[in-house]
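Handing you a structure now.
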Amino acid sequence: MIIILKPQAGKADADEILARIESVGLKPLYMPGVERTVLGALGDERLLGRLHLQNHPAVERVDQILAPYKAVSREMHPTDSVVQIGSMRVGGPEIVVVGGPCAVESREAFGKTAAAVKAAGAHGLRGGAFKPRTSPYSFQGLGLEGLEILRDTGRELGLPVITEVVELGDVAAVEAHADAFQVGARNMQNFRLLTALGQAGKPVILKRGMAASVEDLLMAAEYIVSEGNRNVIFCERGIRTFEKGTRNTLDLSAVCQLKRLSHLPVVVDPSHGTGVREYVAPMAFAAIACGADGLLIEVHHEPKEALSDGAQSLYPDQFAALLEKLPAFAAATGRRMADPA
Amino acid sequence: MIIILKPQAGKADADEILARIESVGLKPLYMPGVERTVLGALGDERLLGRLHLQNHPAVERVDQILAPYKAVSREMHPTDSVVQIGSMRVGGPEIVVVGGPCAVESREAFGKTAAAVKAAGAHGLRGGAFKPRTSPYSFQGLGLEGLEILRDTGRELGLPVITEVVELGDVAAVEAHADAFQVGARNMQNFRLLTALGQAGKPVILKRGMAASVEDLLMAAEYIVSEGNRNVIFCERGIRTFEKGTRNTLDLSAVCQLKRLSHLPVVVDPSHGTGVREYVAPMAFAAIACGADGLLIEVHHEPKEALSDGAQSLYPDQFAALLEKLPAFAAATGRRMADPA
Amino acid sequence: MIIILKPQAGKADADEILARIESVGLKPLYMPGVERTVLGALGDERLLGRLHLQNHPAVERVDQILAPYKAVSREMHPTDSVVQIGSMRVGGPEIVVVGGPCAVESREAFGKTAAAVKAAGAHGLRGGAFKPRTSPYSFQGLGLEGLEILRDTGRELGLPVITEVVELGDVAAVEAHADAFQVGARNMQNFRLLTALGQAGKPVILKRGMAASVEDLLMAAEYIVSEGNRNVIFCERGIRTFEKGTRNTLDLSAVCQLKRLSHLPVVVDPSHGTGVREYVAPMAFAAIACGADGLLIEVHHEPKEALSDGAQSLYPDQFAALLEKLPAFAAATGRRMADPA
Amino acid sequence: MIIILKPQAGKADADEILARIESVGLKPLYMPGVERTVLGALGDERLLGRLHLQNHPAVERVDQILAPYKAVSREMHPTDSVVQIGSMRVGGPEIVVVGGPCAVESREAFGKTAAAVKAAGAHGLRGGAFKPRTSPYSFQGLGLEGLEILRDTGRELGLPVITEVVELGDVAAVEAHADAFQVGARNMQNFRLLTALGQAGKPVILKRGMAASVEDLLMAAEYIVSEGNRNVIFCERGIRTFEKGTRNTLDLSAVCQLKRLSHLPVVVDPSHGTGVREYVAPMAFAAIACGADGLLIEVHHEPKEALSDGAQSLYPDQFAALLEKLPAFAAATGRRMADPA
């Protein structure tokens, strides 16, 4: 850790801070300069967190040398982790696709979409039972009934199922019905929920928050992994920027960052990432091209009737066409598509 | 609602959509143009939400005419609402200040800061018992013990107390100990929590999310108010932008927007808004100058020792100096400071 | 154009505005609603620009139906335009790559990099003679001498050359030496420069500004094309967001937007887009995968010695490896790489 | 300067870099750690710029200790600078207001607005002769004729005049007609223009770019001051964010940052900063409250007829009301309004 003092800081300030660094067992360094005094602390700087040196009135700035995350870091675990969701392996040489509607709307409607997802050759099935909606007047999901429909449909088709958990009190129910939890963008920093998922027994797909940096996302995963659940998959789904021609700005370079900084798998959701049906396929291809391990794609058997996010949902034939084109992109990166479930 | 069709859309598409508009009891309008056909729907367009016209493949864009919120809107309730938190009235002609540390760290430490807050003439006391922290390795708050310290200290000093609630399961405990709930930026779109608070009996200070537009914030309040709890106070605390010289970018024009669009009170948190101790006072003055009804300010009896957010906490004498200068700004806007508690 | 009046607007306001709409030859529409009156204007709404209806105190909002650009729009010109830069065709079925250093630093250094660019099979050569630098104390480019080195080196190697023009007064000199102008992100809205380039005889590669929406970029191109120069190529190079793990946030969905909204070619610059050498190749693959027509890549024969942007420059062997992998991605999109120059 | 090496960097990399640090006369520091090696360079780190250490493949990150600007820095010049524009002093204890229309539209129209500006008690007059407009089909300004109208009107009324310069070739003409140059947001990083203004003889009001950090703005001013023109005034006018309820997001904490980091005066433009007439006055009050030295306000004698930016222009009576209220805010900050011109 590098501590830069304010111009007016004196020797006494420096001595006080150096003594505090030494008190936690780190090696202090004193570097007086012409315009600024710089202090250093060598050793595991995570120990320094409890000194809160940035609070000191003589301190201008504290620069961390080491990343604040550890368990999710590639430095601690240089080889790629593979996360197993039912029959689907995420993070290995094979690329996977999870499809399904934004929300489970009814047993019949979900069955139609799920059958189309299966027929197209996808590897997993998604559908929301608990929907976080901007407006209290919008459809909020079927809740427990939705979980049951999801579970039954997945079993019938032999597809692992993934669904969003929005609340601590629902963790047990979701775990009982789904093969993996999804944490939505709005809950990426719901730390109580993350802690509970760290103690749960199913994998977690962790979506990046709309205002979350890649480092914030890594720290959110650290909450889960540090509690014991190593089966975390990152999901890039777009950040909020000034650009309004797309619903969000899909930050594919986050895939590159995450693969470099962490050993955990990364999937991309181009449906929420763009919000525009026509852009889903090209951005899905781009995601695979830059190294993503898989895709989450919204599909609806009749988008015109969808109760949420219909404008970004693919028609079944568009989804099938997307899956037909993916093998060439996977091959171009030296990988291959997983076999259909 | 205005529905703009794609250039290739035909008369049959228009007719289908017009029939759907009519089916919910609204008056359809057909406006063929040279390059585009435009459709309209006159009446309460909130009824149209369930038609999901934006999902239709012939639709290019849907523009709303009316705001999607109703209960919080100034059009529905033209006069300012006043929210009472214990002895403190927020939103009337008098301006209030709530001070306190980021977190309740111990009975003794909190007591020292609280005494200084009271001595400076503040109107309310804040302190976190449940802390959402980016890192799992940071101090997470004292939990229930923190709530008790907060309640006892407030009673002793005669100050109403406000604390953050981060989880549905804590709503009852927080309601039992505090005079108002605070919803933090990371939970602004935790819709299950908002719904629960809409059914609770204490006021809610709702902080703007880091990536939330003013409209998103209004919709989040709509969740609470539409459940029956009309006592909501907005809090501007900065949004996330590319600028890194401050922790967040405090968007004071949001105060102007909120006062114009809603009848609910607005307070500002310049501590989180800037993250820099030296900028707290000038931005507090600016907040009052542009029409805020009150301030949330972080104070710590010894910021050097603070377990969280010390770099943005005022020293007690800085907080006292701030309160001394506020009456002149309040007067310049034609208002006055509330009497000390 | 749709004009939404304020709630308090009266019939007289509506009549006044309707009369103004009629005065420019458009068909006015009056749509009184329960909570708002909405007015419409059918016809070429670009005529309405001069009415400045958004300035009227009774107007709450004006929504455009048609895009504000025309000459660059795909609606006006449904087939893809191809722009020829020397021997290189951009926008057809073949994908092209332009490589070179950020700046021309000396004849010898540029020659080494250019030879490596040629040897790797690239189609064009880039290098800056006039460098816009954030600091006045940084290397500002060789100016005219740099243009001569660029021209000579390109001729020797048989590669078309592209260089940035930063100032109206340099347009003639750049046109005399280079095969295409590049307009940098900081000049995307230098409208006097754009107008001059619209009257020049060489193609223009127009980079997106750091805070420019896709619509702003389209409007900037409209400046050039409306003056008569139809040979414009868009370049996505990243926008400024809160994410700091990359220099900019490369917005690849802008490629999808631009290809849908305009007939002009689109290239991507993953070097400035990420600022990190390790991310250049995967983001280049992603750019091709989502439909870009070409790439601008920074290469330096010895990045350690580069006077600018070395941290994002590829080593010659990295550039060669990138070009070897591109044909598979081009093929996956149904295209092919252009033959080497 | 602190140089953090990559985990895989060896002793040889460190030695090579340390030797380069020593070669420019700085004191090298070697700090091997458990997980990373850190190097330091003590002395004037601006000398290190030419080493381009961030380009080195063994370097993970370079952290600057000193700010990259010098001439504009408060450390070099601890007392406030005052800039004189005709009879108006900016940056001293007295606060000034400059009013006028976005563009000079005709001699008659400008005369009406200018008379109202004068009557309200303002200290300076603004009006654009060269207008940078997003659309090539919008009014672009009167050019030289506009400059003459501006000059004549200012002289008649005894008000100093300010106008935007958008192009190197216009610097002489603007200098001949106006009392100060304005550099618009889109030209904040037009470095050739900044250099020319650094050699000119009139003060410069430098507006912050839409995507410019405060540090970028300080560096832009450094271009001007380092050429010899010390009379620079910063202008905060809003940055581009995801929030769309205002035209830009006015970042008033930038005023606090600029006043702390630099000795140069700071003014605020709440007209462009909000884009909404109703928000101009409250944000003007807030700007003064947080320490701004003055205001730029758009006024139009008949905003309904304005050829540009009418929706954010104040009516003359609104401008007069604003000026009547400012003295109380100035007094609250311990300052006073300058006497009317």
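Residue numbering begins at 1 within each chain, and the chains themselves are lettered A, B, C and D in the order written.
The working rule: contacts are C-beta pairs under 8 Å (C-beta built on N, C-alpha and C of every residue); 3 or more make two chains touch, one makes a residue touch a chain.
Keep in mind the model is a prediction, meaning the values are calculated, not measured.
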Of all other chains, the one whose Cα centre sits farthest from chain D: A
Pair exhibiting more inter-chain C-beta contacts, C-D or A-D: C-D
Gap in Å, rounded to a whole number, between the CA centres of chain D and chain C: 26
Centroid distance [mean C-alpha coordinates] between chain D and chain B, Å: 31
Chain A and chain D: spacing of chain centres that average the CA atoms, whole Å: 39
Touching two or more other chains - residue numbers and ranges from chain A: 211, 239-242, 244
For the chain D and chain A complex, residues of the former touching the latter: 2, 4, 7, 29, 31-36, 38, 40, 42-44, 63, 65-66, 75, 240-242, 244
In the complex with chain D, residue positions of chain C that touch it: 46, 49, 52, 54-57, 68, 132-138, 140, 166-169, 186-187, 189-192, 195, 209-211, 216, 219, 222-223, 226-227, 239-240, 277, 303-308, 310-311, 313
In the complex with chain C, residue positions of chain A that touch it: 211, 213-215, 239, 241-246, 249-257, 260, 273-274, 276, 278-279, 282-283, 285-291, 325, 328-329, 331-333
